[in-house]
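Okay, so subunit A shows up in both of these, paired with subunit B first and subunit C after.
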Partner chain A sequence: MTSHPMDERNLDVGNDVVLEIEDFSVDYGWGDSAVRAVNNVSLSVRRSKVLGIAGESGSGKSTLVYAATRLLRSPGVIAGGNARLTFDDPASGDAKRRTVDLLAASMSELRSIRWSQVSIVLQSALNALNPVLRIGHEFDEVLRTHRRDMTKLQRRQRAAELLQLVGLNEDRLARFPHELSGGQRQRIMIALALALDPQLVIMDEPTTALDVVTQREIVNELAQLRARFGFSMIFITHDLSLLVELADDIAVMYAGNVVEWAPASDLYNTPRHPYTLGLLNSSPPLSGERRELVGIAGSPPDLSQPLSGCSFHARCPFALARCASDVPQLRVLDDSGRKVACWLHESPATVPAALARRTRPVVAEAPASETSTEVGT
Partner chain B sequence: MSDVLLEARHLSRHFIVRTGNGLIRPKKVVRAVDDVSLSLHARRVTAVVGESGSGKSVLARMLARIVTPTSGELALEGVTIAAHASRTLAYTSAVQLVLQDPFASINPVHRIRHSLERPLAIHGTPHSDIAARASAALSRVSLEPPERYLDRYPHELSGGQLQRVSIARALCVNPKVLLADEPISMLDVSVRLGVLNLLRGLCDDEQLAVLYITHDIASARYIADETIVMYAGQVVEHSEGTTLIDAPSHPYTQLLIASVPDPSDPLRQAPEIEDRTGQGLFPAEGCRFAPRCPHAMEVCRTSAPPLFEVASGHESRCWLHQDAVKVAINGRGQGGTTSTT
Partner chain C sequence: MSAVQLPRSPKVLVGAGLVAFFAVLTVVGPWLAPDNPSATNFPANLAPSAHHWLGTTALGQDIFSQLLVGARATMIVAIVAGVVATTLSISVGVAAGYMGGWTDEGLSMVSNVFVAIPGLPLLIVVDSYLPAGGRSNSFVIGLIISLTGWAWGARVLRAQTMSLRNRDFVEAARIIGESRFRIMMFEIAPNLLPVLASSLLFTILYSVGAYVTLAYVGLTSTAVWNWGTMLYWAQANNAELANQWWWFVPPGMCIALFGTGLALMNFGIDEFINPRLRSAGISGRIRRASGLPRRPRLGFTPVARATPTSTVKAGAR
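Let's turn to the complex of A and B:
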């Protein structure tokens, strides 16, 4: 069995990990014209936890997740790495966990895993739902494919039950997508994603197209559903403050690299990477004194041009000489296990005060606080 | 108070839609914008905040005179313009609109130079001045040196740079009023502040009146001198400065603020999920927010509230602020936990 791609083994990472991505790289295009969109990324999603991936457009956050779950289409090419999914195998009893190498799995193996173990909610529900099919048809199709023993009546009952879970009336099953509001369509997508009780739900900017009130309702609903069913989640967004509320761990991506990984509250209160700090300072606050903020100078790099050194050095206010030539690796920073890819943290002497705080300042700091006497970790 | 440049008086825009799919389809009126009055002043940013469908974009398009109002009138520097009068070049050079999506609003098959020079030619700029004014417009939006950008194609620029080009295109005919319809919502988080600071700077340094339309109430708080909240086509709250964000008096504004993710405030309660399963059209009579309002009273369902003055320069369209009914106006984000009926 060991030569079989779906071999079962006891992973040294323990039974706690649902999705393990290791040294993962993705290119768009082949040969000389290849553009590296994801560069040597390692991440893991723990059981019943939420991994948040934050980054701007082009940072590779969606590409990473699509490639790891084999959803990426040509010209996207997986250039290297591993992705393994571990889940409770219903066929081999409750206690047994099975690990599948996603990159080696055949199409039929993927087909059995997709949606039943890993499901996805896309940004635009209007594009994700077939406009000429009634909502009920979408549910029917999922259940008919994966639950062959269900009768038509059972499928219909299960669909109604799923709609109730997300706060919709079952009469929506007879509607077409265009008859529903954006928030309702996104709820339908969430209900569909939960239809087969998956281990892992991927949320790719599920609330970006919605207004804040609807976003708040959906986020609250997701929290309740997760408490009830205990699925793991990957939540991809560019909205860091939303992620801080929702996620257990957050990975911040920039130009295809993970530049910082930390538990959500640590990342928010005590950012260690200049880009994370810049992102946090880019959203105007809703309270406190009004003052001018600067955000991050410049614009994200063009990945089709060769980059040297740290991908963020051109926009970094603290850049050192070596940042332009040497590529920093993601490494463990302190006892808490948080990681950062930044040369500033190589020596305590080079850590700016803004990146060395132990607690969040009560009032967001003014740039003048650089003179603070705090010393790095 | 500075000079009024553009004034909207009782602007309304109703759309007629046909419902159902039978042979006889009843007409239904959608009141996209209903009796909105506002004035834009030189050196002031007026922010309009609302969710999708609140009518804020239709309002901007009426102010730019792309959409004809059903009723109401506009006044540019004191000169009244009737609702159905045709748009003139003089008006379009005084009032310019910047749209949400820079990738869609700049012609992809022409160089940046073309996008900037075309409006100048249309507005009758002497041929010898056109090139200089196009470069000057790019400098005004901090795209320097201009020669680096003039001969590029839109796909060669990033979203933030393109939005600056879009603002430069609006500026090159020397408008007095700049209408910005969600100018930052399509941009990356890290470049949004740059565009906001640019708008603020243009307003302060070049005496422009800026209308800033957004669904992001925090960005309105960052930039605005005057704030308006719209719901279902109506102005529901209006205040000088950002008073209505710091001390919201309308239940909708309170809901809007409570919904914004703000991890710095851990004590804040997330608003309750309301049942919107039966949500459809806004009610024909009474307050339009009543079906979603936690404080809705009998009067709210029967008659529509006017704007009540809750403090000097702060108005709220809510019966709670009628003199007879006093409620504690809660601070931000508390969503109003007490109600007296």
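Let's turn to the complex of A and C:
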């Protein structure tokens, strides 16, 4: 295993970006009936880092990532922006980085990048595996296509090694998909996604269909694999507390916009957007005392109707008058580089206590007592 | 946004226009006809003129009137045959596909036999046994034609039903105790709509062909005017040899145009029923202007940026 090229990849890379998404917009449909599902989103995935994208169903998180990799199905249309993938090109020497404009790439260019540079793990592993092929065959097929110089024995060894990576015994190679449990199938999908040492792995709610124990195991394994091989990862989920453990950065999406983007621990401990706060309050904390869970009142806006102002203003407990008319832009909030799209942070006077914390809140503390000291971030 | 979006591609519009034109002709044709199509009170073999737009036959009948009056019988037979045959194909196909076992064996055998029998000779045989009253009745002829036109549809629907019967929603309906009939007609049949609609269109097309052929070989009553009878008389009077194109070209054209209309409409059905295919439904001008592809391609999301690459920096304020 140690002789494998993945292991020699330099993990000590700086802030360079693997996937850069700029002002990205996606429509469903065209012309008058188009619905804007992703609106002017800019995101970047740093090398060897995990970007988590959180948000409720229909917030555009999957749409964004699928569209940026050109995998979005009709009637999805990319309505604007840029998406660029930068990767080490094995064909052009070791130090050579290549950047591909994903939106200008041809089908054959995309095909050469997919799986070998960008791979994706979908939510329903049952549907992704061909029910009449043995697991080993799936591995053999991809290695035979992309690694022409491997012998049959090498391919078999590589498949066994990949299964071990995700914690499965190699005798599973002879099984059919229906003989495996949901968790095992999802692990196989992850192993398949890693088969060609991609530089970016996209996980679209990979653990949503699994129970929390299996979910935990898989997330731990992903974290270990990432630390070991240094690939970057986009992890899409609606489970914010899961992301906090796995991700380096988290982007919170709401109604097609990124409303907050921050390092994971900052986002978890000191949320700055009311929506993030609402999400955090609606799931139990991983540690610490028990507290009452509070949901977010209302439901997400209908994107087929024109929105005015901030998309969250109707549900926001702190909404100001201007929130209903002006659209907030994602802007840098402080030195740590975190960004938030919220009018509350325009002036220190309007920042509510709950959104101005500097440290993790102590549960017993009453929100009112914080006001005087904490306002003014 | 309206719930039903009509297809907008020119192909489909042309097809629907043609079919609508002939449908209107079916209703108003006999009233519009300037003369009695059977009356022989004009000079024979006239070329088209202002009085007789399509000239006259060897017997001195007005061909334009024949064409207008003939539309009705042709369409009625085609629609009766199309509807009856499609109903037969649904009943047999869905029942065979859903129930399986001996029902399937039996029904499949019957439809296989009907697929294997050559249609036209069977029609000729059945038709020649009909009493004269039956031959002049469009509904009877339609029923007979449907007899040879249902079997292909039934086979296709059976295959489709078999693939649907084990889907979760059908199993759920079975478990909560819906009756077989209800499952077949309300759970499964709506999923067969695309197949059903195109099978209906093509059965209608087949029926026009079959009816015209029967009339052309002289097996329907010559008292009922239809486009096939016109061709029969044209042929019997050597119109082709005499170069009287106005006698045989118009009915031939009508048959061809109606068939084209049905075939073009069939393109629209997929688009209408499968919303994913609807980018094909916008006009070519809009499509090209916005940079959308003709057909959506899996794994190749179209990019339709209003401004050229990398100049869109507005959001970064």
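Here, the second predicted complex is superposed on the first by the 342 of 377 C-alpha atoms of A that agree within 3 Å, B and C clash if a C-alpha of one lies under 4 Å from a C-alpha of the other, contacts with A are read in each partner's own complex, and residues count from 1 in each chain.
Following the convention adopted for this analysis, contacts are C-beta pairs under 8 Å (C-beta built on N, C-alpha and C of every residue); 3 or more make two chains touch, one makes a residue touch a chain.
Computed from a predicted structure; not experimentally measured.
K.L.:
After lining both complexes up on subunit A, report clash or fit for subunit B versus subunit C.
P.N.:
Result for subunit B and subunit C: fit.
K.L.:
Can A:40 be said to touch subunit B (first), subunit C (second), both, or neither?
P.N.:
Touch status of A:40: second partner only.
K.L.:
Output check: A:127 vs subunit B and subunit C. Expected answer is one of first, second, both, neither. What do you get?
P.N.:
Neither partner.
K.L.:
Contacts for A:244 in the overlay, against subunit B (first) and subunit C (second): which applies, first, second, both or neither?
P.N.:
In the superposed model, A:244 contacts subunit B only, not subunit C.
K.L.:
I'd like to know which partner A:101 touches here: subunit B for first, subunit C for second, both or neither.
P.N.:
After superposition on chain A, A:101 lies in contact with subunit C alone.
K.L.:
Have a look at where A:308 lands relative to subunit B and subunit C in the superposition and call it first, second, both or neither.
P.N.:
neither
K.L.:
When the two structures are laid over each other on chain A, which of subunit B and subunit C touches more residues of subunit A?
P.N.:
Partner with more touched residues of subunit A: B.
K.L.:
When the two structures are overlaid on chain A, which partner does A:145 contact: first (subunit B), second (subunit C), both, or neither?
P.N.:
Once the two structures are laid over each other on A, A:145 reaches no partner at all.
K.L.:
Is A:75 touching anything from subunit B or subunit C once the two structures are fitted on A? First, second, both or neither.
P.N.:
A:75 sits against subunit C, while subunit B stays out of touch.
K.L.:
Examine A:221 and indicate which partner it touches, taking first as subunit B and second as subunit C; both and neither are also allowed.
P.N.:
Only subunit B is touched by A:221; subunit C is not.
K.L.:
For A:182 in the superposed arrangement: first (subunit B), second (subunit C), both or neither?
P.N.:
A:182 sits against subunit B, while subunit C stays out of touch.
K.L.:
For the superposed three-chain arrangement, provide the angle subunit B-subunit A-subunit C between C-alpha centres, rounded in steps of 10 degrees.
P.N.:
About 80 degrees between subunit B and subunit C, seen from subunit A.
K.L.:
Using only C-alpha atoms, work out how near subunit B sits to subunit C after the chain A superposition, in angstrom.
P.N.:
9
K.L.:
Per the contact definition, I'd like the list of subunit C residues that touch subunit A in the complex.
P.N.:
Interface residues on subunit C, with respect to subunit A: 1, 5, 275-279, 282, 286, 290, 292, 296-307, 309-310, 312-317.
K.L.:
What residues on subunit A touch subunit B, complex-wise?
P.N.:
56-57, 167-169, 181-183, 210-217, 219-221, 238-242, 244-245, 265, 268, 278-279, 282-287, 290, 292-297, 299-300, 315, 360
K.L.:
Tell me, which parts of subunit B touch subunit A in their complex?
P.N.:
Going through subunit B, the ones touching subunit A are 51-52, 158-161, 188-194, 196-197, 215-219, 221-222, 242, 245-246, 255-265, 270-271, 273-279, 332-333.
K.L.:
What residues of subunit A sit close enough to touch subunit C in their complex?
P.N.:
22-23, 27, 29-31, 33, 40, 42, 66-67, 70-82, 101, 103-104, 107, 110, 114, 304, 329
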